[in-house]
Amino acid sequence: MSMNQLGIVKRNIVRADKVAVEKLSHFGVASVHEAMGRVGLMKPYMRPIYPAARLCGTAVTILLQPGDNWMMHVAAEQLQPGDVAVAACTTDNFDGFFGDLLATSFKARGARGLVIDAGCRDVQELEKMGFPVFSRAIHAKGTIKATLGSVNIPVVCAGALVNPGDVVVADMDGVVVVPAAIAGQVADAAEKRESFEGEKRAKFAAGVLGLDLYQFREPLEKLGLKYID
Amino acid sequence: MSMNQLGIVKRNIVRADKVAVEKLSHFGVASVHEAMGRVGLMKPYMRPIYPAARLCGTAVTILLQPGDNWMMHVAAEQLQPGDVAVAACTTDNFDGFFGDLLATSFKARGARGLVIDAGCRDVQELEKMGFPVFSRAIHAKGTIKATLGSVNIPVVCAGALVNPGDVVVADMDGVVVVPAAIAGQVADAAEKRESFEGEKRAKFAAGVLGLDLYQFREPLEKLGLKYID
Amino acid sequence: MSMNQLGIVKRNIVRADKVAVEKLSHFGVASVHEAMGRVGLMKPYMRPIYPAARLCGTAVTILLQPGDNWMMHVAAEQLQPGDVAVAACTTDNFDGFFGDLLATSFKARGARGLVIDAGCRDVQELEKMGFPVFSRAIHAKGTIKATLGSVNIPVVCAGALVNPGDVVVADMDGVVVVPAAIAGQVADAAEKRESFEGEKRAKFAAGVLGLDLYQFREPLEKLGLKYID
Amino acid sequence: MSMNQLGIVKRNIVRADKVAVEKLSHFGVASVHEAMGRVGLMKPYMRPIYPAARLCGTAVTILLQPGDNWMMHVAAEQLQPGDVAVAACTTDNFDGFFGDLLATSFKARGARGLVIDAGCRDVQELEKMGFPVFSRAIHAKGTIKATLGSVNIPVVCAGALVNPGDVVVADMDGVVVVPAAIAGQVADAAEKRESFEGEKRAKFAAGVLGLDLYQFREPLEKLGLKYID
Amino acid sequence: MSMNQLGIVKRNIVRADKVAVEKLSHFGVASVHEAMGRVGLMKPYMRPIYPAARLCGTAVTILLQPGDNWMMHVAAEQLQPGDVAVAACTTDNFDGFFGDLLATSFKARGARGLVIDAGCRDVQELEKMGFPVFSRAIHAKGTIKATLGSVNIPVVCAGALVNPGDVVVADMDGVVVVPAAIAGQVADAAEKRESFEGEKRAKFAAGVLGLDLYQFREPLEKLGLKYID
Amino acid sequence: MSMNQLGIVKRNIVRADKVAVEKLSHFGVASVHEAMGRVGLMKPYMRPIYPAARLCGTAVTILLQPGDNWMMHVAAEQLQPGDVAVAACTTDNFDGFFGDLLATSFKARGARGLVIDAGCRDVQELEKMGFPVFSRAIHAKGTIKATLGSVNIPVVCAGALVNPGDVVVADMDGVVVVPAAIAGQVADAAEKRESFEGEKRAKFAAGVLGLDLYQFREPLEKLGLKYID
């Protein structure tokens, strides 16, 4: 391990299995996160820049410096079809590191979207382009190109560890990171989990209570829950 | 009064008069809150999970423990047609205590929506179902079922005191709580207030100034307002 | 300069050149802010109350007292066609200082919208009216009319200095303030900037990398950027 | 119940039993809150204005309007020796509602301190006077005297319901509210709770683990906790 | 007015009258702000980095870029004995722009302290040096030297407009800015205001109520304040 | 890699070299973070619970569930002399997970302190004990013992990745994490860095400007910095 994680671009990364990624793309963030044992979520301040935004792909990670989006251009070259750019910053920063020009470039590389723990701009154009972005802020503030960050090193993005090649799934409920090594396993677990949901939903719709469906009455009574009139 | 407010479910609550609730459902939150003398609002961090969300009904209150949604299932049984679930938490927590399965159950009971001083998930499905939720966060984070809270005790939700049976009205402008005992009185006052609005609106549209309509010029001058060129 | 900036209404203000304002109205906030040298933006907490909101006009400034919207009515009289009301407050306050009645009055005066470093209400009606508002909060909380503020003095609104007559441009990306004296110059610079964007966009769409388009490879190498496998 | 809670001063309130208050004054906030079953705490944003601040007394409640401290003077007359002033506001406001002059007046009435869900100023003088204040902000911003609030009505202060006469205990760990009716019961429970602490502390100091002292090993194993090397 | 406010250092600034500055240094922030008519305060998030910090001096203003403290060194040369450095940033940033080395340099120039709408570090050393800093954050994060900002242009710092040469007063209650042109006038008003305080304090200490001292009973009654038992 | 990171306790961890830890303990957080290339810092919301708090040791990591401090007791057994407990939580939570009893236990095990991305209580007692804690909140709120987390897995704490055995250094300026593998290298770099500081400090104290000491005048001029009068 080097002492300085800045100024590095890793070209060859191990991306999660394509079949697993494809399978994961059919599930919502809540399901995927449950399938992993309720871990892997980013902070809830990460929001889609437009309501229909949704994405699933393999992470190309970016470590940015405050107010400096130079590494975005460096990262563009590392993006492959099916990738999602995941950008962290060395400090809290809300500037607009990303706009429609970079989105055009990323899209041309086959990227499926961006997750950025910072700000984004040109959001109306991005919606028109259908390029999904999940960010902590929308801000017109422009950035410079002066300092080195890194591409494809492990980053902490909005509270979640992201290794290059991990699967990132994002929708209206938030953003979840699935380590590449367990992508298939998680996809299977999510599938299994969702297979039970239809039946449950039907029962709830028919008026069955969770108290009965899950047999909660007895444990609740044991803990001392008291019904009064 | 018991020393410990946890572990209690009150079955019989006095709901606000149905006619008053129906009448209140025709007014916006801003009008209802003005009709009460500008009190009763929840904090502005409570937002609808989708733009068209709106609700009006009688409160079934829930006190949750952090990261634990067990009481949601206990509350479901207490919900009656026309009710709104109002959930507070013993500490600040942003987890996703509520999703589409619980919404299906609440809806089957006749509930009109949920107001929760915590997080909510499956928001896209909830919008499709037309089940309105007002929450402080959207977050996929799942919860457990391990600790007792209470149902139908007085709770403080987003800064407002809510007693079971109170009327809760929510729209794009926020959430307001009307004590059950004065629901009819408030509905009348809101009606009276709105009856004057049409005339005022017409005058403003015709170019009449508030300065003249409300005769503000004299009091402003007395306080020393100075016009300079 | 008077010692006390409260209790003043300035009637004659120098508005930015109409041609410059008209020209600026064709550019986005991000472009205008870049054209000014990356200054002039309000804080990113200022958000449109509905997605399609957008405005460009000359500022009539308002200094409000907390929980008191009296000066809004005083300001209405000073509004001329093409103006935008820009309201600051002497302290952080999230109350709903502005609703559909005031909007009707402002619209009748020819105002193009409101930028307010405080709260707004009746947002559904405002969207129906097509009256754009950019605010820091949506809150039903009503206000009183008891204390003097000022109209058309310099104000600090959401971190930006606004002089009466300055141009204010707002869209989904935020709010930017262009000093009246340089409005034409900024409009020209924005035009020039945008004229280059089409060509760049085409190149990015064709797969050209920013690394090559902007000749970043050499300076990055000089700074020590290392590619590893 | 009146529709409008503003403009009321209740003179006769039922204060918690003096012996119970005296007893409660010997315990820390954490102990008192545990003794109540882990309820009754205000939000953690309430902080002492100086490190050694600590108070325990019976609440005289105040409902303030934003930027207006008139009701502080009205409340002064209702304060009796052993009381603590507890001030809420109808909306989020950080102004300095309270300073050294009011503190001199409150102290002369025998008040033991102030808990305010808003701002405070003159904090250096207050420390010199030894008048403890717990607030959400320190802010020099002055206030006016123009609008009615209330004194001695139930208020929600920093997320906690406070009825006049309730016991309020505050120290470095926060602020807790004990309903007057159960003050004695809570004091007894706190005493009991603390009586076990000394023994536990000695065991922990001697190196005994909580795992053994509380017999946690078995339940942890049952839930599936795995030790790996 | 130039279009671009960045990249400028103004050498000759008009500092407030020394006698007025000296006089202002004897009053607290709350008094000075009241003497100005309750304007001029910075946001309450600006806090002293150690309890005894206090300063009063003439502003040398600095506009910083995010994560870049280069202009601090440029500003050092412009500091004269009796000055206070006042640093704003083009965007919200919490990095540690200032530490003990720069403080040594500023102190050698005769500066009385720093007010910075960003982060500060080495706070323990700064306390030992007795160099007062008021900042929005304490953060070890280092900064670079790559981009131009400006020195001695008007800046918005923590919500307040600061012109070079203005007087800045800061203590435990916050930070207030007095325009250079009215410094003497404000100092006189503050003196007058404080001269009444001693008498009032004595009356309050003797048990006189504000209700009587300020003759509030009649106006309160007129507004409808009701006393109930 | 297992799919579920919860319910695991790793007993054997590789702690950073003792000599390196000892050496690092002599440097401040700012120096250590600079020596690492300006990475490794936790968010600035992590603050010492008392002014003199400072720690340096090897991390025993803890992953907590919201409102549940059971794993603290599990972690106690894994603590060795020289360790620092580093606790993260699966979601944002401000409850008081840690107080004087646990501190007594941790201290008996030889632990040097706690870094917790959540709340802490009994802070006055902790100061008396001299047990340093860095936390995001002080809150009396008690926690339960019901759900499994983990001990000694990699955690993200306040935005920083912490592996068990890493060195954690904390003082008034914040908290920094040094990966175990490079602890010696970082200590050497910090030493080297500090060795230059004394000379620089002397020069600054003598009135030498950073502009001259670092030869900034030329690059600033090249970038276009303009001096005006």
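Some points to look at:
Letters are used for the chains, namely A, B, C, D, E and F, taken in the order the chains are written, and counting of residues starts over at 1 for each.
We adopt the following convention: a contact is a pair of C-beta atoms (placed from the backbone, for glycine too) under 8 Å apart; a residue touches a chain by one contact, two chains touch by 3 or more.
Note that the structure is predicted; figures quoted are calculated from it, not measured.
Fewest steps needed to get from subunit A to subunit C, stepping only to touching chains, is 1. Compared on C-beta pairs in contact, E-F and C-E come out with E-F as the pair having more. Subunit D and subunit E, compared by their mean Cα positions, are separated by 32 Å. Each chain gets one centre point, the mean of its Cα atoms, and the points for subunit A and subunit D are 41 Å apart. Mean C-alpha position of subunit B lies 27 Å from that of subunit D. For subunit A, the set of residues that touch two or more other chains comprises 38, 41, 90-92, 94, 139, 141, 147.
Judged by the touch criterion defined above, the protein chains form a pattern that is neither an open path, a ring nor a star, and not fully connected either. Applying the touch definition to all chain combinations yields A-B, A-C, A-E, A-F, B-C, B-D, B-F, C-D, C-E, D-E, D-F, E-F. Against subunit A, the residues of subunit C that register as touching in their complex are 28-30, 33-34, 38, 41, 44, 47, 171-174, 176, 197, 200-201, 204-211, 214, 216, 220, 223-229. On the side of subunit E, the complex with subunit C involves touching residues 1-6, 36-39, 41, 43, 90-92, 154, 156, 159-161, 179, 181-182, 185-186, 189.
The touching residues of subunit E, counted against subunit A in their complex, run 65-68, 90-95, 139, 141, 144, 146-147. Within the complex formed with subunit A, the residues of subunit B that make contact are 7-12, 70, 72-74, 76-77, 94, 96, 99-102, 104-105, 107-109, 119, 121-124, 137-142, 145, 147-148.
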